[in-house]
Every structure is written in structure tokens, then in C-alpha cells.
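One structure, pasted below without further comment.
Each chain carries a letter (A, B, C and D) given by its place in the written order, and its residues are counted from 1.
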Amino acid sequence: DDAVARYALHLGDDALILAQRLSHWISRGPELEEDVALGNIALDQLGHARSFLSYAGKAWGQTEDDLAYFREEEDFTSLHLVEQPNGDFAETMVRGLFMALYQHQLYTRLVHSADETIAAISAKALKEVDYHLEHAELWTLRLGRGTEESAHRMRRALDKLWPYTAELFQDEPLHDELEGVAVRPSTLRAEWDEQLLDILDRSELAVPEVPAALCWGRRGEHSEHLGYILAEMQVLARKHPGATW
Amino acid sequence: DDAVARYALHLGDDALILAQRLSHWISRGPELEEDVALGNIALDQLGHARSFLSYAGKAWGQTEDDLAYFREEEDFTSLHLVEQPNGDFAETMVRGLFMALYQHQLYTRLVHSADETIAAISAKALKEVDYHLEHAELWTLRLGRGTEESAHRMRRALDKLWPYTAELFQDEPLHDELEGVAVRPSTLRAEWDEQLLDILDRSELAVPEVPAALCWGRRGEHSEHLGYILAEMQVLARKHPGATW
Amino acid sequence: IAGQRRFEAIIADDSRIEPRDWMPEAYRKSLTRQMSQHAHSEIIGMQPEANWITRAPSLKRKAILMAKVQDEAGHGLYLYSATETLGTDRDTLNNQLLTGRAKYSSIFNYPARTWADMGAIGWLVDGAAIANQVPLCRASYGPYGRAMVRICKEESFHQRQGFEILLELSRGTEAQRKMAQDAINRFYAPALMMFGPSDQDSPNSQQSMAWNIKRFSNDDLRQRFVGMIVEQVKVLGLSLPDPDLRYDEESGQWLHMDLDWDEFKRVVSGGGPCNSQRLARRREAHEDGAWVREAAAAFARKQQNEKNQHDQKAEVA
Amino acid sequence: IAGQRRFEAIIADDSRIEPRDWMPEAYRKSLTRQMSQHAHSEIIGMQPEANWITRAPSLKRKAILMAKVQDEAGHGLYLYSATETLGTDRDTLNNQLLTGRAKYSSIFNYPARTWADMGAIGWLVDGAAIANQVPLCRASYGPYGRAMVRICKEESFHQRQGFEILLELSRGTEAQRKMAQDAINRFYAPALMMFGPSDQDSPNSQQSMAWNIKRFSNDDLRQRFVGMIVEQVKVLGLSLPDPDLRYDEESGQWLHMDLDWDEFKRVVSGGGPCNSQRLARRREAHEDGAWVREAAAAFARKQQNEKNQHDQKAEVA
């Protein structure tokens, strides 16, 4: 089913780009334990991406690698938020918190999707995202309440990344076609806001007062970052078209 | 002449990769005047690269763009030093100082090359490298003698980049074939050392005591950085083979 | 009073106010705002184009693009200097930009997503800027007018280069042609909005006209610009994404589609696709450069001290 | 004296020394050096491989590579813990690495230039590491031996994955095959040098053997390794870049080419292609992470204080 495949692509692209970004931390973390932790999260996200992309690809006779390596920028459907640079550790944690809360709620609902494969992948992913959320929450507490510098960096990261959160909850015509299969993003907003507020509150941080950015990653209109991400990710595979690895 | 072309390629590749690295500073400099100054240097280096690559390409029926965009990593002959990341402003200045001193001496000698084209390009380049050297020297003085932090950053940059300077002065079999046309790199070392020592002395900095790195960029054996540089530089041109722009 | 009378006479005479001349506070304030916004636009405007320098598809285009972005830094520098003659220094102006209190042209909050955007920005964005700026060469404030003369010269050069990029793409492969049309589609409406809302919705316009800063209404300038690009797009063999576009013989005007002023307001007030990124980049460059500026200042002080000591010794001797 | 006698008895019995047991200072020092070098090698060894994570040519390979590099961080962590049982804490060990006072395996100072290096590093470098480490599973110091058991298991898994990468390349396109052979050419000699100089030139070897830390001589281990890869390279249909390589029936030994020990010494003492880069990356990660570690520590203190206050209140009540 083409619509289901396109939906799986949304989920897969978010996870893939986030994994690609996070993987850069491996060997660069603030302590070895974080190299391991961020590596774990990256690996989980990559796993989810592979499942969703493989499933999407089935509808079109394509493999996960065809989709990851041989699509052009405008064919990707990732959210602007996952495309944002790692920045400092605070930025990575804020991005991680926003996404973990979002994916957690999304997968919690998708477990009941009428599409069995999506339900099954989501059930597996949910268990792992549990840990991602715990990790992000713990660091938000630590950095928000740690030192003056860490709190300052967290506030800066919140200001910088907040504009990209609105896009997470934008409904697209595709969702109309997938009643019972997909989750309407807009329906996740209230709970996301509530949980975020709770975590930020306990971390002595606040929801920043900056406007939402106009973003349409789902329609293939991406941030200026995606081109660089793909140039790097795809360079080797594209030098050897048709090769296996 | 194939040997002359290969020599022009050395000179062109150094300038091209340095230009590519420097151009990243435009819109990111510590003050607008530096956006302009680093942009100027990048533009000059790109100009030299274009002249040398065009000349090299003539021998092989290739354009400057064929050489810049469609060679593989192992066909590039750039020095490891120019491939090093920009790092902070101190690293960029130290790399700039090392290269400006080197290119200044090299072009000063190449003005008398038996190959007229190389002599002519070098004469033009020399005037511009004069300014690059002045710029690098001024900043070395400012940062070396400025604040404790700036001096610390300069020492760190010197330690980090010094290992790559030995490669600048390595003779290759190619130089044996080009008596009177090329300059034997090893013959530049003494004067380079002397001038560098003088500048560092006046900047209250010292030649670091770290060993030389084993590098063979001229033979196509590059640092781990070059692959990333080329992936970015070549991505668009390679997506549209045969296109004109 | 004498100053005021002199100011009014100069304006009536369509002659020039210079920095030392008396001027009304409102005139000074309005000009400071306009000129610094213009300077900020040049500086922020470097970013979408800098985004393609390292990926430019030919060395020639790379060199042209680098030179262009560098020119924009230069324009920013002139304009900050010109603004400083009104009594506000560059640090203050820069601070207004970094804290989000000052505005800049909203078009730079759209991403430069493909190489063709380098063409569309040059042709449409610089084109609209020139249409706005040519009349400013006669602005009543001398330093502004003179800065504009220099800037307009370089901008027309940039516009031609942008047009050339699109022309080359339009004559290229199918993919290149598509890329060019797509860039025009994305930049057309934002470029038309660069002239600002219709004059009835533009509160400062009338006063600016009275002071001989502004010479034509926003709608007039937009008209003129549309008339120009309608002709040029034919040379490209591409089209403008405007189903309503037609020349109305009766009014002698180009009629174009309604522009989405809600989006415009949203982008101006921080909600464009790239506002956060553009400001963050400026802030990071500023913060990362702090130690460099401090070192340069400390070195300059040391040198001054050494010179003073040397001079004292010379005096004693 | 009783401790000394007990230590000697344990060694004689080929049994295990545990952290609380008495041990000679030289034994402690030698083990601390060896184990921390091993830990540092795991940590620095992450870098050449991390270099290809973002560019891995298939998602499956990307996942495998990520997991591998992560395992290496895990190995580093076990080994630092094991070393800490000898009385030197991790901060001190890390500091020795960052200041260049501690060594790590010199092979990681060579660049990972192509994707095939992921195969060659897995097959040859991990292979040589395993040949070195399997006997260490029986090392007389308990925590070291036990850490080695766990590490060796994962390393064999990594080696097989490396071999698979090369196998896939060797059966692929001409370019892939060439890439694989080139990687083997570059890593062969450095891998053989991982066993260290011949035993007559290796001052610590004898004492290590006497203490039941080391079980076989450097040359013996190298022999065994060469014998193994000679067979495996046939499966790949590729070759080892060693014109002198042959089995000498008489001595029952593999004869290989002379190794360039001058280069080895140069690389060990800081002059490899990537020494500067590898250490700089570790230093930057450490410095950039300082505020994060401080914040975590400050938060932990706050939590402890809150808990103490809470407990006090509970007691009072």
C-alpha cells in the first residue's frame, strides 16, 4: 500500500537522520559512558530506521539501502528537528528530549495501528525509546540544575531548537488517508506539551518564548543541513552503484 | 609535458584545498573585517589553484573542473597540512602562517622557473601571498602577545600542526625530473625555519618540540580529512556529470 | 531653530544633510533604523549564499560566489560606518541584531536549498534590492546616499551573475532546468514582498517621502520590478509562478497575485524557516570570536604602551 | 614476607592474584602500565573506525560498525576498571594518555583511508590483538584475565566481521577488490609489528613471562598469527604483500619479510601519520566535555544534600 509505505518512510527518515547525527558523538562524548550511551541510542534509531525503510521499500520493490543511499534530498521526508546539527552536548540533549518524548508518544499509539507491521516495529521501538527518554530526562535534570554554565547552555539550546518542534505536530493530507493506521501528529501535541513542561519544571528550565518555524520536511522541503548530511552519508555507496557490501 | 603537469598539480591541489578550507570562515569570522580578509585569501588561493590546474590539465586534455571535481581522493596530491580542519581561529592562523611562509619562498624561487607558465603564475601569486604572509604574521603577533588565552591557543595550535610541516620539504622523484623547472622542497627548509623562528620569537612563541608526522600526500596517501572535503566539494558536480554551470 | 530652518531648506531644495548638520531626532532615529536594518540584511544575507561556496559546481562559479559573499560583508561594513555617523556605534548596532531587537530583510530567513537558489537570489533578491536602492542613492542623508551609489554598482553586477547562473541552468540538462524553475517558484513571492506592504499599510512611508529618504511608494517600486522580471524571464525560457500576472492596459499597471502578508509578518517576527539558524550562526561567530577580539585589543594596548614609553624616553633624551 | 611467599606460591601454582593480595611493586607497576596501555588502545582505536560510521556504504554495515566501535568503548571501560583495582584511578590514567606520557598501540596512528580499512582492521588488527590476548585470559592477575575473557569473545566476533567485509569486497567489483587488496597492503606490516620487537629486543618480556602474565614470546605469537592469515587470505583470493613469505619445513616456522622497526619506533614515539590528530581528538572531547562532567557532579551533590536534609527531617520526626 503506497500510503502506508509513505507513512513508514516518514518514521524511518526521522530515525535514520537522527541516528546519523548521533553517531558522530561516538569517540567524542564528554565521558566514555556517554560514547556508549549515545552510541546505543544511535544504534537503536538506526535499527528502527532499517525496519521502517525495509517495510516502505517493499511496496516499491526497493531495499532499505536503495532508500537510504539513492534518494535525492527532496525525496527525504525527515523533520527539520532531526536535521539540526549536534551543537554542544546541551543541544544534542534538547533535541534528544524533544524527539524521545515525541517518538515515545507516537509509538505508544502506533502499537495499536491497524497495520500489523507498523504496530510490531513500533512495539519493539517503544521499549528502546523508553530508555532514550530516560536518558534525555536525566541529562535535562543534570544540566538544568547542574551549574550556571550548564543551565545557560540548556536555555540557549531550548531557544535555538524550539522553533522546530511545531513541525512535529503538523498534519499532512497523508494522514487523512490512513485513519486507524497512522497517528495524526496534531493529536500528540497536548500530552507532549504537558510532559515536556513537567520535565523542564523539575529541571528549573522553561519553555522558551520563541516563535515556531515554518518547516515542511514531510514535503521534501528541508533545512540547509540535510544536503551536507546526505553528501557524507551517500558518498561511498554512490561511487559504486550496484555494488554489494 | 607530463612531469611539469604533475608538478603544477601539486601546487594547484595545495591551493585548492586550502581555499576550500578557508572559504568556510566566510560569515563565521571573529569580526566582519576577518570575513573579508579570510575571504580574500581564500579567493586568491582559489585563483592560483585555477591557474595551476588549468595548466596541468592542458597536458592531459582536461579542464580545471575535470581535475577538481572528477578525480578520486588518491589522485589528489595535496599536503596533509592544507587538509587539516580549520579548528579555532588560532589553528587557522598557524596553518596560514606555515603555508604563507612556504608558498612565499616557493613562488619567489619559481618566478625564475625555466617553465614560463609556471614562472608567470608564480609571479602573480607571489604578490598576493605577500599579503597572506603579512596577515598571518600580524595575527601571530596579536595572538601570541595578546592575552593568556590567545597565547595558550596558539601554543596548542602549533603543537597540533607542527607534525605536518615536515612534509612540505620532502623531495619526490618528480623533482629530479624537473631540474630548473621545479624547486626541490628540501632546499626551502633552512630559510623557512629561520623566518618562522623570527616571527615566533617576536610573538613570544616557540617552535614546538613534537615529532614530524609520516605523510605522503604527494603520493595520494592522504589524511582522514580529505575524503570529507571532497565529498562536500564534489557532490553537486558529480550529480550532474557533463553539465555546464 | 536656525538648525531646523536650515534642515527644512535643505530638504526643500532636495539637497543633502551631512553628519554635522542639525537634524530632527525623528529623522536621525528613522534613518538609523533603516540604515542599520540594511546593514544587518547584508550580513545575514551572506549566510544563504555562503551555504553553497564549498559545494559550488565549478571553480569559476565558486570564485564568483565567494567574491559576492565577500562584497556583502563589505556592504555591511560601509553601511555600519554610515550609520555610525548618526551617533550609534557598531557594537550597539550589532548587539541589537544579536538580541533580536533589530530586524533584517525577511527574505534571508528562507533556506538556500539548491544551487539554483544562487541564481534566483542574485536575479530576484538582488534585483528587488536594487529597485529599492537605486532611488536611495539620492537619499537626503549624504553618507547614506553615497554608500548606496557604491553598493548599487556592485549589486547590479551580482544581479547579472545571478541571471547568468539561471541562464546556464535553463540551457542545461532537464534536471538543471527543473532546479532553476523550482528556485524561481520559491523566491518569486518572497522577492515581491521585499518591497513591503502596500503603502496604505506602511506607516513610515509618508514621513520618509517627506524627508526625501524614500522617493517612490512600495507599490510603485514593486510594479517597476515586476515589469522588469517579466521581460527577463522570457530570455530564460522559464516562467513566473503567478497565474494572475498580466499587464492592465487601462491602468498601465502590472497586476500580480495576492501576496501572503500573514506569512510575511510571521517571518519578519521570527517564524521563518531559518530565523533561528541565522541568528544562532551570528551569535556563535560573535561568541567564538570574543577571545580573538580581546587578544587584538590587548595587543594594541601593549603596542601603544611601548610606543608611549619609547616616546617618553626620546623626550627625556 | 608472608605476602611475598604467598605471591610466589600462587605464581608457581599458576593460580590467580587478586586485588587484595600482596604483590611486588614491580608487578603492580608493570601490570598497571600494560593494562592501561591496553585500555588506551581500545579508546584511541575507536577513532579510525568512527571515521567511517557516517559513510558506511550500507545500513547493515553501518549498524555493525557502530556496535563495534561502541564495544571498544566498553572494553576500554572494563580495562580501566580492572586497572583501578591496582590502585591507580581512571582520571590519572586518562591524564597520562592526554599528556602523551602513556602509550597505546601504534597501529591506530595509521589512517583509515578507505572503507576496506574497516575490513583490514577487523581481520588483521583485531586478529593480531586476539592472538596476543587469548593467552592473557590466563594472566596471573585475576581482574585482567577475566576482562580478557570477555573482550576476546567480542574481538573474535569483530574479526569475523572484518573478514566478511573483505570477503564481500573481494567478490565485488574490480574497484572493490582493488580497495580490499590496498587495505591489506597497508595494514599487513603494521599488524605484524603489533606483537612487538623480537624477544631479544623486548626488555620486559622475560619478567612478564616469569610472572605468568605473558605466556608466549613475541615471535611465537607473530608466527602463529602469520600462519593463520596465510590460510585465510586464500579464501579471500587476495594476497599478503610479502615477497619473502614462506613456510620453512626445517624449522617449522613461517619466514616473513623484515619489518621496518625504525618506522615502528618513530610511530610509537609520536611520529605516525595520525598521532597528533588522535591525541588532539581525545583532548578536545575531554575539554569540550568538562562543563558536562562538572554539571553532572554538581547535580549529584545537590541531590545528595537534598537526600541528607530529607533523612534528617525524617529522623527528627
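Observations
Assume contacts are C-beta pairs under 8 Å (C-beta built on N, C-alpha and C of every residue); 3 or more make two chains touch, one makes a residue touch a chain.
Computed from a predicted structure; not experimentally measured.
When the C-beta pairs in contact are tallied for B-D and for A-D, the bigger tally goes to A-D. Chain A and chain C have centres, each the mean of its CA atoms, that are 36 Å apart. Rounded to a whole number, the gap between the C-alpha centres of chain C and chain D is 57 angstrom. Separating the centre of chain A from that of chain D, both taken as means of CA atoms, is a distance of 34 Å. Across the assembly, chain C contributes 55 as residues in contact with two or more other chains. Taken residue by residue, chain A touches two or more other chains at 227, 231-232, 235, whereas all remaining positions touch fewer.
Arrangement of the chains shown, judged by which pairs touch: an irregular graph that fits none of the line, ring, star or complete shapes.
Inter-chain contacts, as defined above, occur between A-B, A-C, A-D, B-C, B-D. Chain D meets chain A in the complex at residues 43, 46-47, 50, 53-63, 66-67, 69-70, 73-74, 76-77, 80, 115, 165, 168-169, 172-173, 175-176, 281, 284-285, 288-299, 302. On the side of chain A, the complex with chain B involves touching residues 227-228, 231-232, 235, 238.
By the touch criterion stated above, chain B contacts chain D in their complex at residues 73, 80, 159-164, 210-215, 221-224, 227, 231.
Against chain C, in their complex, chain B makes its touches with residues 16, 20, 23-24, 26-36, 39-40, 42-43, 46-47, 49-50, 53, 64-65, 68-69, 88-89, 141-143, 145-147, 149-150, 153, 232-233, 235-237, 240, 242-245. Taken together, the chain D residues at the contact with chain B in this complex read 48, 51, 55, 111-113, 263, 266-267, 269-277, 280.
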